[in-house]
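One structure, pasted below without further comment.
Chain IDs A, B, C and D follow the sequence of writing; residue 1 opens each chain.
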Amino acid sequence: MFIQLLFASSATLTVGCALGVLATKNLMHSCIFLLGSLMGVAGLFATLGADFVAVTQIMVYMGGVVILMLFAVMLTGGKDFISRAQNLLGLPSSMGNKWTYSVGGLVGLVLLLTNIRLISNVMNSHAPKVIGDEYPSTVSQIGHLLVKDHVLAFEISSVLLLGALVGAAIIARPRKQK
Amino acid sequence: MEYTVGSIAPIFLSPVIAFVINAFFGRKLPRQGDWLATLSIFISFIFSARIFGDFVFGQFATDFFIHKTFTWFDLSHGSQIWKVDMGIYLDNMSAIMLLMVSGVAFLIHLFSTWYMDHDEKHGRFFVFLPLFTSAMLGLVLSDNLFSLFIFWEIMGFCSYSLIGIYNKKEKAGDASLKAFMTTRVGDVFLLLGIVALWMLLGSVNYVDIYAAIAEGKFDGQSVLGISFATFAALCIFLGAMGKSAQFPLHVWLPDAMMGPTPGSALIHAATMVTAGVWVSLRMYPLMVLGDITWFIAVIGAITAFGAATIATVQTDIKAVLAYSTLSQLGYMIIGVGVGSYNAAFMHVITHACFKACLFLSAGSIIHSVHEQEMPKLGGLRKYLPYTHFAMMACTLAIAGIPFFSGFVSKDRILGDALYYGFMSGQNPLLAIVPILGFAGAGLTAFYMFRMMFLTFYGENKQHHDNHGHGHGHHDAKGHKSHGHDIHHEHLDVRQNVPLLILAVFTLGFWFSGTLTGQSFGNLFGAKTEWFKILVEAPQVEKFVNHKREDFSKMDTREQSHLEHAHYHHQTGYAGPNPDEHKLHSAHTIGAIASIFIAFAGVLLAFLMYIKKSVNPWATRFPGLTKVLQNKYGFDDFYIDVLIKKGLLGLNRGLAWIDMGIYDRYVVDGAAAVNRVMYKVAKWFDNVVIDAIGVDGTGVAVNLFNLVLRIVQSGKIQFYFIMLVMVLASYIWTLNF
Amino acid sequence: MNQTVVSYLSQYEFYDTLLALFKNNQGALAFTIYLLLSLAIVGMCATIGGLGTYAERKISADLQARIGPNRVGPYGLLQMLADGVKMMTKEDIMPFTADKMLFYLAPLLCLTGVFATLAVLPFSGGFIMADLNVGIFYLVAISSLVGVGVFLGGYASNSKWSMLGGMRGASQIISYEIPVTISILAITLLSGGMSFGTIVGHQGGLPHEWFIFHNPFSFLAFFVYGVGALAETNRAPFDLPEAESELVSGYHTEYTGMRFGFFALAEYIEVFVVCGVAASLFLGGYQVPGISLDILPIQAVQFVIFMTKTLLLYYVVIWIRWTFPRLRVDQLMAVCWKYLTPIAIFNLVGCAIWTVAFNGKSIAELIFGGGH
Amino acid sequence: MMSLGSYLIISLILFVIGLVVMLSRKNIVAILLGIELILNAAALNFVAYSRYVTNNLDGHIFSLFIIVVAAAEAAVGLAIVIRFFQIKETIHIDEATQLRN
């Protein structure tokens, strides 16, 4: 029952907050809605028995990515907001207008239909399995997989992270104004 | 006896910890942490001494070894093994080597605390010194070529830093770069050899390689048209040549004296250069299988003789020692090549002791007199009595005078070389090996005594020559030389005790186990000829059924379970078993000959530099001297010929092909053809292309542009929409 | 499997009678137990948070040779109730230019992040809401919600002081998360598991069995964790986000009434949680010396031991606050990136080497023998 | 209620919303938000398949790598955004068309 409750609330949180990301015109609110949506996905991971992935999701997104995005939003305000608000340059508003929404919505609709076609195929071909309620611990297994079967991907991703760290630091470092 | 990793690891770890602490907090420690480095090496020494005691004084049998390993990573797939293990491999040879490295390094550290006092690079020096030592200890402990390579490279880096430690001097910087680049040539080959072995065997553990050799896994394998074993052995030996400064790659070692003298002592005696000999010894079965021992012997002989000739004309005291190191390394390599396994290894040990002592003595002289050009020295005997004593003992040892260690080890190598060259039925051309070896031995005695006579005997030139101190003074000390007085030696513990301790170990009976070679005058507690008994070439058959031991397991094998092996005159020849009798007579002849040659060398030096009854060579053979002073022109060869002529010549050749052939014939010819074509083309152009083609294309492009302009908007979201649409249409057109 | 308080209780007989009371509805019973227990824990921690303010005043008074609160109740003990009443009855002011949604959300995020960590805090062997397999990792992860809360609190107020405080707070929290997490990683390396049950189970009741004295590296790791945790909870000497002398009171300048109370409560409870984590990671947690029985009364003893250790650490935290001066911003970042992080990485590597070299034995085991 | 299908549908909704966010917003940070949603949809799919179809943990590993890549992408992406803002003083996506000419 708990699991069902968790699933229902997580799914609601995920979808609802994702809609919030789409609907709000305020970038800061959008970020917070994203946070909620990602929390919901973490909850869904938990209902799938992926405890380690769920906690990693919380750790990386809440502790890192979302705060980083909040910082980016704060650091990139400036004159832009004023000129956009008065539409001085004739470009669409920063958070979109009805045209961009309608184009995006149209494309989204097409993709929705496409994917429903795909999913229906998948669900027809794979009879739904009956899965028990047990949730074995995944931590030690994931640890073994990471350093045995997937060791190459593991090392490459660590190099990727190092590269991203150095690259981000170099790109974003303040330069002397002329 | 129990051996855990905890009782072995501190040997390697304590200098590493000292390095880390000194690197980060050295400046804040009293005396910039030199005591910490020295203490850490002393801890290594204690642990090594325990292992040495267990292994040598009867605890374990001859072929006993400890092998602890864990799998670092494993990429095995199916039946193909691809894994890298890390671990510890300890046998008699490593036990002896560990004691030598840690002991000599400890004495060098102790000496350095005196030598580098008040030097501006004091702290930095004591950061790299323990790292260097730990890398060598790790190299000796490692059980596979991969970790050996790691430590090998750490040593390369440390030698680079130590040689170039006076980084404000351009010469020092050049020398360090030279050392780094020259050894790099060898290292590339070593890595190639390791990778080749890994590719074939899937593991680079010593025991796995030995087992593979015994099981014949190399049979029928070939690469680039030569046998696989030859290829791998050659690559590994080329790596060893770079590190051990053998003949074509030797140019870095004489320049390596740009660093502080104790650093040179560490590089030349205990650590870096012996690493090459060490890897050749470890991979000896592979060398035999690959049948390159003759090549090894020839390279060693050329180095031994060539370096000895150069050393006879050097005037810098450290340069003489550097070339003598080269020469002695040549003897070790000869030993590996002619199959006198334990004598080669013994020469590593004896050489480490007396060469460390020689360098430290030279450091003592330089630090006291602030002069290292021998013509400006002389008569130092009464000013530096302890140094004189120690240096004389070492000179006797290196010259191969009986009862000293150099005689014991070098004589055995020469005896085996004699057998190898003349009596074993090899290619008669290989007789060059013993000939060059003996000639080099005579020269060794000559140039070493030349150095002694010029430095310590004769009249003191220091009092008259007050102006020559500044130049030729390669060891830029932090403080200015006083220029008017020699510091009288007083018994400073840190200066003299290391020298005297090392001098004690120049006696031969420590190594041969007896004073006379008979059972008379035994070393207490040790076996007669313990060195020969304990060190023997690896018997690869033993390793076939070897089971690996878990890394953390405790080793509790009892002595009673193993029996002591008895010593045979098994010297591990590549060919058929050596004739015992012939070998024995070769050794006898060799011993007599080398004693004779050594005394002849000493006598020549005596006549030239003390009695002055024979003119020095410099006046007699000016041309030859010039060649030798140019070191056979190797440096010039590398720079002028290989780089300037070779690379630039290649460039010029390519340029000639470009300008001469391509330009003249292809381009100009094409131009002529073009001129004809032009007439035709002009008409064609005007009528067909312009009217129809160009204008038509323009119109078409214009039309196409209208479409493309919309697509190529530069707006990323538009691209994304296109992508999604294409994807969707692809899915909708699929039928599944 | 993940251990929970329900699965712990289900091994006793009275669980069956309780189950009969709930007409054999497992879910309903578990729900009730969880509900009651979470109410109890939240209530207890709220009380501890309130007492924290009282302790802070009293201890600071003691350190400064004053008397401190002494009017309300015996020894001024009821001062916190008075404060609570004052906060609740204050007017809830919302700045005109504030971002309303985020202004409401920020204190709640702080409070949620802190209370969510209580789910895995091991008060005793059985009295732990859910002994997750990823326990400590979950705790570290979920407590980063506080950083978001602090940042939003600063942003939403739309005032300079708040903005600066919020930015400082967020950057400080995400920076100091790194050394803290790495030193926790060293402990998980020693214990071989991330659940609090495993970590505490690997230690004993007596000091030489604790992880802090396991090896030199874990000893260092404790202090790295301590310093990092102080910074992560914005306690002095790392209280830059709410530095009174510079930023009025930082990110909660514009908050009044109970919303301000939420921030304060979150901070005090977070300090408690951090002290509890330190106690269970390094100081043996709830382990009772010499007793390995697992009966219900022992749980009470374990609870008392855990609380004693935690509250002692709490005292140390307050002591530090009133002893050390505040750091500058650049010093703050230098301490984190130049000192704590390298030391923490060094500790991690050192612990790994120690575990391999000595087969996971502690110093005491190496000296006195024994162990596994 | 809990089956492979329901997870797939949630992930589909997440994906489509992410796509629409990406397409309809003109702010680079907002577009990055959309990308995060899309990546999460993919990760959710992996884990769902891992539980209901393959019964091993490879899906978990994959979603861990997705999280890693997302973190790296966010770091570098936001660094580029900040740099872009320093140069152009705007983060409007339609201003980022230098490569067009």
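Basically, a contact is a pair of C-beta atoms (placed from the backbone, for glycine too) under 8 Å apart; a residue touches a chain by one contact, two chains touch by 3 or more.
Owing to the predicted nature of the structure, the values given are computational and were not obtained by experimental measurement.
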| said: With contacts counted as defined, which of the two, A-C or A-B, has more C-beta pairs across the interface? | reply: A-C
| note | Cα centroid separation, chain A vs chain C, in Å, comes to 28
| note | Chain-centre distance (mean CA atoms) for chain A and chain B, in whole Å, is 55
| request: Provide the C-alpha centroid distance between chain C and chain D, rounded to the nearest whole angstrom. | output: 33
| Interchain centroid distance [CA atoms averaged], chain B/chain D, Å | 54
| Residues of chain C touching at least two other chains | none
| request: Please set out, as single numbers or ranges, the residues of chain B touching at least two other chains. | output: 721, 724
| field | Junction residues of chain A - those touching two or more other chains | value | 52, 56, 64, 71, 103, 107, 111, 138
| Okay, what are all the chain pairs that touch? | A-B, A-C, A-D, B-C, B-D
| For the complex, which residues does chain B have touching chain D? | 712-717, 720-721, 724
| query | Of all residues in chain A, which touch chain D in the complex? | reply | 3-4, 7-8, 11, 14-15, 18-19, 21-22, 27, 30-31, 34, 37-38, 41, 44-45, 47-50, 52-53, 56-57, 60-61, 64-65, 68-69, 71-73, 75-76, 78-80, 83-84, 91-96, 100-101, 103-105, 107-108, 111-112, 115-116, 119, 122-123, 126, 128-129, 131, 138, 141-142, 145-146, 149-150, 153, 157, 160-161, 163-165, 167-169, 171-172, 175
| note | In the complex, the residues of chain C that touch chain A are 1-2, 27, 30-31, 99, 101-102, 105, 132-134, 137-138, 140-142, 144-145, 147-148, 151-152, 155, 167, 170-171, 174, 177, 193-194
| request: In the complex, go through chain A and note every residue touching chain C. | output: 1-2, 26, 28-29, 32, 35, 51-52, 55-56, 58-59, 62-64, 66-67, 70-71, 74, 134-139
| said: Give the list of chain D residues in touch with chain B in this complex. | reply: 19, 22-23, 31, 93-94, 96-97, 99-100
